[in-house]
Each structure stands twice: as C-alpha cells, then as structure tokens.
Amino acid sequence: MTPILDMAGISVTFPGVKALDKAMLTVLPGEVHGLVGENGAGKSTLIKVLAGVYAPDEGVVSLGDEKHISTLTPNLVHTAGVRFIHQELHLVPHFTVAESVFMGQEISGRFGLDKSTMNARTEDFLRETLNADISPRTLIRDLGTAERKLVQISRALIDGRATLVVFDEPTAPLASDEVDRLFAAIGGLKSKGIAMIYVSHYLREITHISDRVTVLRNGKAVKVFNEVSDQITDPMISAMVGREIAEMFPKKENTSNKKLFEARELSGMGFSQVNFDVAAGEVLGIAGLVGSGREELIDTIYGLLPVTSGSMTLKAEAYNPKRPAKAVKAGVALVPRDRRHDGLVLDQPVIDNINLASLEEVSTVLMEKRGVAKNRAEAMANQLDLRPRNVTMIPRLLSGGNQQKVVLGRWLAKGGDLFILDEPTVGVDVGAKVEIYALIRELAAQGSAVIVSSGDPLELLGLSDRIMVLQRGFLAASHDAKDVNVDSLVALTTGGSSGAIE
Amino acid sequence: MRLSILTSTITLAAAFVATSLMADGHLSLAGKRIGVAVVGTQHFWDREAFNGATSTVEKLGGEVVPVDGGRDNQVHADNHDVLLANKVDAVISILGDGAVEPKFEALKNAGIPVFTVDHPSPHGVNNTTSDNYYMGTTIGRYMADAIGGEGKVAVFNAFEGALRICGIRAGLWKYVLQDYPNIEIVQPELAEEFANAPEDARKKTLDLLSQYPEGTLDAIHVGCWDQPAIGVVQALEEAGRSDILVTALDGGPDTLEIMAEDGSPFVANVAQQPNLIGSTSAMNVARHFAGEKLLPQTYVDVYPVNGQAEAKAAYKSLGYGTLD
Amino acid sequence: MIAIQFVRKLLEWVPVAVFALMFIFLGIEAPTLFTPFTIDLMLKQAVPTVVVSLGLAVVIITGGDDVVSGGIDLSIPAAAIIAAAIIADQVTNHGTALPIALAFALLAAITVGALNAFLVVMIRMTPLLATLASSVAVVGITKMITQSKRINVTDPFIVFLRDGTVIGLSAGVVAAGLLTLIYWFLMHQTRWGMQAQATGGGREAADISGISTKRYQAISFLLAAFTGFLASMFVLARGSGSSPGTEENLLLEMVLATFLGAAFSPRRKVTVWGAALGAVLVAMLSVGFKSIGVNVFWTGCIKGALILIVVASAAATTRGRY
C-alpha cells in the first residue's frame, strides 16, 4: 500500500539544539497513527514540519503522490487535504455551532448569508461523520468541552476534502467520560477512509485507537509498532524514556518527621478530594500531565485559586490564603512556572528582584537601605553562582537558568516554611539545572518543606523524597521516591498498565 | 449717598412687586399645566430664573412641567418637543440659542403660547428680560472710566451673533466705546464656552496673558454674562498680573463676592434679578390667560455695580446675605 | 447548580422586565406618551444617537467588547461635530453649495477614522486611548473652525431632514431606519460581517481561520467615522445649525445606547440592531421622564440607576460562561 504521508530523514536544528535528527514518520491510508514521546522529544517540531511552519534542514516529505524537499507551505499542505486539530480550541464563545464551523468559509447567497444551508450542513456533518447530535444553533459557550472539540474538528473538515487529520493532544482538556465522544467521532472519520495522526501523552488512548505507533526520543524515531495492543504499553514507555538517568541529583538527607503542611479532602478548580502532607526538610514531588489538576493544585495552595471544599493546615494552623499576599505572610513562597510573567520584574535590576519579597527588612518606613540591600544581593549572587555576577543587571538580559536563580535567590533571602516550585527547570540548560537542584535540596536542609511540581519524571525522581501522582483531577498514587522508577512513574501519570509497583 | 439711593430703589422695587401681586390678586393659573424649559440649572442665573418661574406658577395654582437642557442648547431645544407632545397650556422658555426657534414656531402653530426669558423671538407672546440696552451702555461707560478712557481691551464675546440679548449688550458696549477713540478692542475677540465657562475662560485668559505682557493690556470684558469672569480673575491672580481690570454683566452672588474682595481687579458689573425675571414671566402667562394684552417685551430693572462698596451693598440688597 | 441556572434565567428577564415596567408606569403617569405624535418625537430625538451608535457597534463587534483591550471608538461624536461645523461654516459663512460642503465634511470625518485605524492597527495603541486622544484633538480643531460660536443653518435639505416627511414618517427617522437596516445587513447578514464578528469574538481564532483581522479592524474605524459624517447632517437638522458642546451629550448617549442594546440581545453581545434599539430606548426614557414632570435635579439619577440595573444584570447572566 502506498503511504499517504511519508516523512523520511527529517532534521531540524534550532540555535544550540537538534530538535529533529533524521526523524521519520509513515502514515498509511485510512489508519490511525499514534505519535508518542516525552516532552521535548520532537513531536511538535515534526508536526510543524508537516504543517509547513518549519523548513527542515534535510529530508523528504512525500504527501500523496508528490515529493517535497523543504518546499511545504501551509497553503500547499491544506490543498493536499491535511488538517490540523490544535490543542487550543480557538472558538468564539458567543458564536453558534454553525457560525463557528463556517468561520472564514461562510456560505453566501444572493441575499446575504445562507444561514439555513450552513445550519443544515453543520448538523449533517456532525451527525453523519462525527456521530454527534448537536444543534447547529447552540452557542459555543453553552457546550461542553468535548462538544467544542467536535465543533473544532468540524470546522477543519467541513469542506469534505480532508485526507489526513492531525490531532494534537485532543483529549487533554477532557474528562474521562467525554473522551468516548471524541473516540466515537474518530471512529466516524475512520469509516470515511480518512487517515489520522494522533499525538497524545495518554498511552491507554494510544493503544485503544491506534493502528500503528511511532515513538520519538531526542529527535529520532526510535521505534515503530506495527501491531498495537495493550501489551505494547511497557515497550512503548521504555522506548520513550531510554535509559540514561544521569548523576545530576544531589544526595537526599531527609531527617524530620514533623508534618508542616497538610491537605485534607482538598478540592478546587480542576482537582478534587486530594489528601497529602509534607514534613519539614522533605521534598514532595507532584507528577501529572497537563490537565491533571497539577497546576491548579499549586495555584490553590498559593491562594491564586479558591478552595471549593476540604481544608489545609500549615504549621498546625488552619490555612486558606485566598490571596498570594496572605500566603507569603503565612510563610509560603512560590517560584512560578512562567517566571517571565509571574516571577520577575524584568526591567528592575537583579538587586531589587532579590530583595522584593523581603523589602521590609531592607527598608525603613520611608527609605530603602540601599547599602544593606546591595550587600544582601551580592552575597546571594555568590551563593547562587549567578552569571554574570552583576546585581545591577536587569533580568531580561539573563539566561533562563540565571533568571530562575534570581527568583530562587529572592526566596532564599526571605526564608520561608513552605516552598512551592512549579516547573523549576523548564527552559533551563543542564548546567544550571544541576545548580538549581542543589539549591532546592538546600532549602529542605534548612528545615523548610518543599513541593516540586514538574512534568519531568527524571527531575521528580531525582529530587523528591516522595512523589504523588495526579490523574484527571484525582490523586492516583503516592509513593516514596525510592519505590518508583522512570518507567513506573510515566506509567502512573499516563495511566499505562505497569502502574503497579514492583 | 448713591448707595442709599440704590438700596431704596431695590426696596421700592420689591414693594412694587408685592403690591402688583396683590393688585393682580385675580390672576390665577389654576388647572393650567405650564411647561418650564430651562437651558441648564448649573449656573446661578439660570437656576434662579427657573426657580422664580416655577415657584410663581405653583403659587398661582398651576402645575409645572419642568425640563432641563443640562447646559446643552440642542437638548434644551429638543425639550420643547416634549412639552409640545405633553400638550401643556403654555411654555416658559428660559434662554436658549437659535436652535429653539423652529420649536417655538411648532408650539405656536399648535396653539400653545410661548413666553420667553432673555430670548426675544418672533414666535413668542412676550419676552421678559433685563433692560439690556441700559446694561450694555452702562458697562461701557463704567469700563471706559475705569481705564481712564484709553487703552487696550480684550473681550469674551462668543454669543453676540447667536443670542439677541448678547447682541444688544455687546453691541451697545461697542457703541459707547466709539466715543473713546483711544480705546482699542483686541482682535480677534475671544470665544468662551457655554458649558464649563469659568475653567475655559481661565485657560484662554492665561493664553492671552502670555501674548500681552505687563502693561500692554488694560482690561478684559465679558460681553454678555459673568461666569467666564470668574475664570478670568483666577487667571490674573495665577499670573500675578495686577495691571488688568475686569468687567462683566449679570451680577450673581458669586461674582459680587469677587468684586467685594479688597483689591479685586473685577471693578464693574450690572446686576440682574433673575428670580424676579422668572417670576414676572410666570405672571405674564397668567395675565395672558386673564385676557390682558401684553407688550412684546417686559423689562425688569437692573442695578449697576461700580466698585467694591457697591458690590457689598448690592449683595445685601438683592438678598444674597452680607459681605464683610 | 440548578439554583444558579434558575437565578440566571431570572436575570435574563431583568432588562426586559425593568423597561416594560418603566414604560407601563410612564404610560399611566403621562397618557400622551404613547400617542403617534410622541412616538414620532422620541424617534426623531433618537436619530443622531442611533446613527453614531451604529458606528460604535461596528467597532465593538469587530474589535471585541472588552472595554480596555477590545474595540471602542469615542471619537465618533467628535467626527460628527467637526463634519457639522464644516458644513455649517461652509454653507452659512462662505456660501458654499451643500454638496461641496458635504464633500469637505466627509473628507474630515474619514480622516478621523483613518487616524484611529492607524493609531490602533499600526501603532497598536489601546483603542480607548487612541480614540479619546483623537476626539480631544478633533474637538479642538472644531472650536477653531467655529470659534466656539453657534452657526445657524437654513439649507433646505437640512431643514427637510428636520421637518420633512416621507410616506407619513419623519424624514430623519426614515433615513436612520434605512441606515440601521444597511449596517445590520452588512454586519449580520454578509460574509464580511461574519468575519468581522469572528475578529471581535476571538482574534486568534479568526487569524487561524485565515481572516485578515487587521484589515477588518481598520475598516471598522472607517465605517464608524462614516456614521459620524452621516450623523453630522442630523445634528445640524436637530439644532437648526451647529452649536458648540454638542459632542458631550452625544458621546454619553452613544456609549449608553450601544451597551444597553447588548443587554437586550439574546447573546448579550453588542449588535447593530441592539445599538439602534438602545438609542431609541434612551430617548424614550428621557422624553418619558420629562413628560411626567420629574424634578429636573433627579432625572439623571433615575436614568443612570435604571441603565445600571439593566447592564449589570446582563453582565451577571454571561459571567463565567466561556
């Protein structure tokens, strides 16, 4: 059978990184092809090459009967019948279903818009191709997430010329029971002979709907499974993570047993009835995919999102901050995931950023004590090994790793009982990672409790004393770090079959 | 001497009004609905004329249908349509620019008599107003005297062409100045805003002062009213200029207070009696319904105010309180 | 959850209920209010506001209804009064023929729109600030043209717009009605309009659908300025000439009318017909209150409170539904 898509020997280089290294992907007509890999493995780069967004350094893309070498454009790909269902929905809340489906491709008659035709075609398409019964006159804001996803799919496919559809993490925002509606739609597409590429972190979904699977790691297609069954989950995980746990992590020295923070039956936006605790001197890792409730849980502890039920205690006292300022007052420190937006005043010098949280200590009522502030900041810069070691630099000009060090330095200067680190090493080079890991362990050694939320299983295993796993808003597992390995942790977060602990 | 004459005239006038009310005891507006349209209620003059008209209509047993233009001439004009739709028995219209003329015409055509205040109109039965001729000539003489018969004068004169009363006041002021060949009116004339007049005049005066340094300008006159004069005096104080005198017309309590201050640059004014004007207009409505033939214009006396002492006296006589 | 939905359903009826009750009350208190004459009067008074509100509706639909980051154009009344001032000045003071005066006025209004489009689309200024600034500048230029003085206009066409009738209806009302129809058709019944709506509803979503959002936003400011030009003729007709200071009241009523209209639209969004309806309702309220002889010092207060209730309840019904 001639493949509908054949990408061969694709390499893409970004400044300093080889994102794709002779990667390949072959999709046969009418098949659902799973594409898996860890974060940073090259999945989205490969998809963007297919979309004509990135031109590869080398390699050939055969689309249908034509071979293309670095000549794909978004228009050409669209004309060839390739459609992309992005992770974001990109819908207008107050549009009707039909208006959304025909956005940018409205049908116009002699007397203006032909609304009845658009409504009828939308309804037919949803029912016959996607096996969904949704009124075309419903407003998007009155639909559930799965239904919105179906509207998004309809918009891409309504012209009836699609031959290959790429789904990028389509189920990430969906609840478990909603996933079935999407699968019904995918079944409908398949019965029309449309081929699909299905990118997902949820391995159970991959094995459930894929005909074949390609695994990417470090920019290479390391394995292709031509037969898919539940049995391939473990080999898939092994192929995804490889076996290269580096000696990056500092020694753990957990001594205390004093519970410092406790959450009981805690529910909020995106998670419910979560129980856990952290002791002084302990590092607790939180694992979970995007949409697992991990980010929301962190934001709730820090007072950015409200608690809907349940309780928290900090140092044996009831704790419900409601606002970050109260959290800081209670002794909680957050190192946010998007430090450019949430963590740093990018255009104020490093010295001010380091002293931001402890302003009252370096300022009298009216005046800042510039001298004291400078000494503190310089001492901190030394301790952090900040490069360049110039506290008058503005953070905008620093590298990601050094920016993160400034944020950490601020909280080290302030001190605190509970530290929350959200994706502490995203966008940080390996060298700086090692230094940041050491700093985090030092925080614990000083007697603070630390919560690290991360999507990197290696990081969690290396740093944490214990790891809890969130899945679709629920606490799926909680283990001592020494009882899990990368394979079982990935399995736990993705819902793979080898979730059991050996 | 002069002061006592002034005081006694005002007392006399008040007595006259009282007796005429009694003499016209047969006058009544019972069962009549009288529309009272006023251009705005922010300024003292407008508000007093409005209060005078409405309270007198009520005193005479009539029902008031009030409408307020919010110091916007177009809204004021539109309000007459509302009165027309309401089928009131008569309309008292206070101030307003050319936009109201078609509305007066429509009211007249619908058989609703229109009584104007400070707005002579061919479509009105009667216009009650101050003696604008006397106001214009008097302020011309006072100002010319104050600057010694010679010098440069700037004038705020936005409404000379738009409102007949302003045409009279500013026109006669200029007429008097024709006999003073050494007085020059600065060109172009300044145009004040209708709404927010004090603040607007303050800014425009500051601009003017930067053009005319110390000793090159002798007086600033406001041609038709005195709200802008408040801003003019403010600007003079801000710029520290004591070489310029200010004159204006209307003589409301706020400007009389400024005139009464020691060393005030505001030296001459002609005070009107807005409450009495409004009240008189309402009386005229009653006279009209009683079958009396009204003259097209009813003049209400004005009181020239020349200098600090007269300002204090007028303030007291007009019933605004006492100033010390 | 069910309780919340019930409250929401109730809230959806608040705008209609408030206005229905209000008009029943006014109708009882002032029996002349719903005679054909008064209704025609209310429509006539609403005309300039209707016309500029159409323009604002186009800008908000295309730019989105977030007051700060979305589309808004505060300069439409300024465009209207500069056009009115030019027409009045040319016709009355310079004896220019009306069509030529209109051409000058159109040029001025479109320049205002082009300036807004440039500031917002190219310079990427916040529409609120850009149009506020251009409004201040344009009002300043207008004062220079008129020297802050009133200019009477007696041109027969303008007088026709004020007093004329077409098939028994006021000429101005008919013209504004037609304009509303044209703008409604453009924004709600054509591909162009749908894509403009998509631009305002979700910039990224529209971009991804291949809609050139910048062009739409730029054109929306031009369309708005064009309504400013059209409104200038009605402003002149209404005031029998150009009076200084007219823009303030017009601005206030335009913004009120447009957002009030949104409260009455089923999707709680700014629409063309909603803006026109809002302008008529605002005029009806004004006339209604004046008709029952409410104390003039209280009218503004009551009007403001009513509108607040309506707009706030509409906001409450859409809150959290995204």
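Going by the order they are written in, the chains are A, B and C; count residues from 1 in each one.
In this section, a residue touches a chain if its C-beta (ideal position, glycine included) is under 8 Å from a C-beta of that chain, and two chains touch if they have at least 3 such contacts.
What you see is a predicted model; the values in this text were computed from it and never measured.
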item	value
Chains touching both chain B and chain C, listed by label	none
Central chain of the complex, centres being mean CA coordinates	C
Inter-chain centre distance, chain B versus chain C - centres from mean C-alpha coordinates, in Å	35
Centroid spacing, where centroids are CA-atom means, of chain A and chain C in whole angstrom	45
Rounded Å distance, chain A centre to chain B centre (Cα mean)	74
Junction residues of chain B - those touching two or more other chains	none
List of chain C residues in touch with chain A within their complex	185, 189-191, 193-195, 197-198, 201-202, 204-206, 208-211, 267-269, 318, 321-322
Of chain B, residues touching chain C in the complex	38, 41, 63-68, 70-75, 77-79, 81-82, 84-87, 97-99, 101-102, 158-159, 161-162, 188, 191-195
Chain C residues touching chain B - in the complex, by the definition given at the top	30, 32-33, 35, 37-38, 41, 44-45, 143, 147-150, 152, 162-163, 235, 238-241, 243-246, 248-249, 287, 290-291, 293, 295-297, 299-300
In the complex with chain C, residue positions of chain A that touch it	86, 88, 90-95, 99, 102-106, 108, 111-113, 139, 141-142, 155
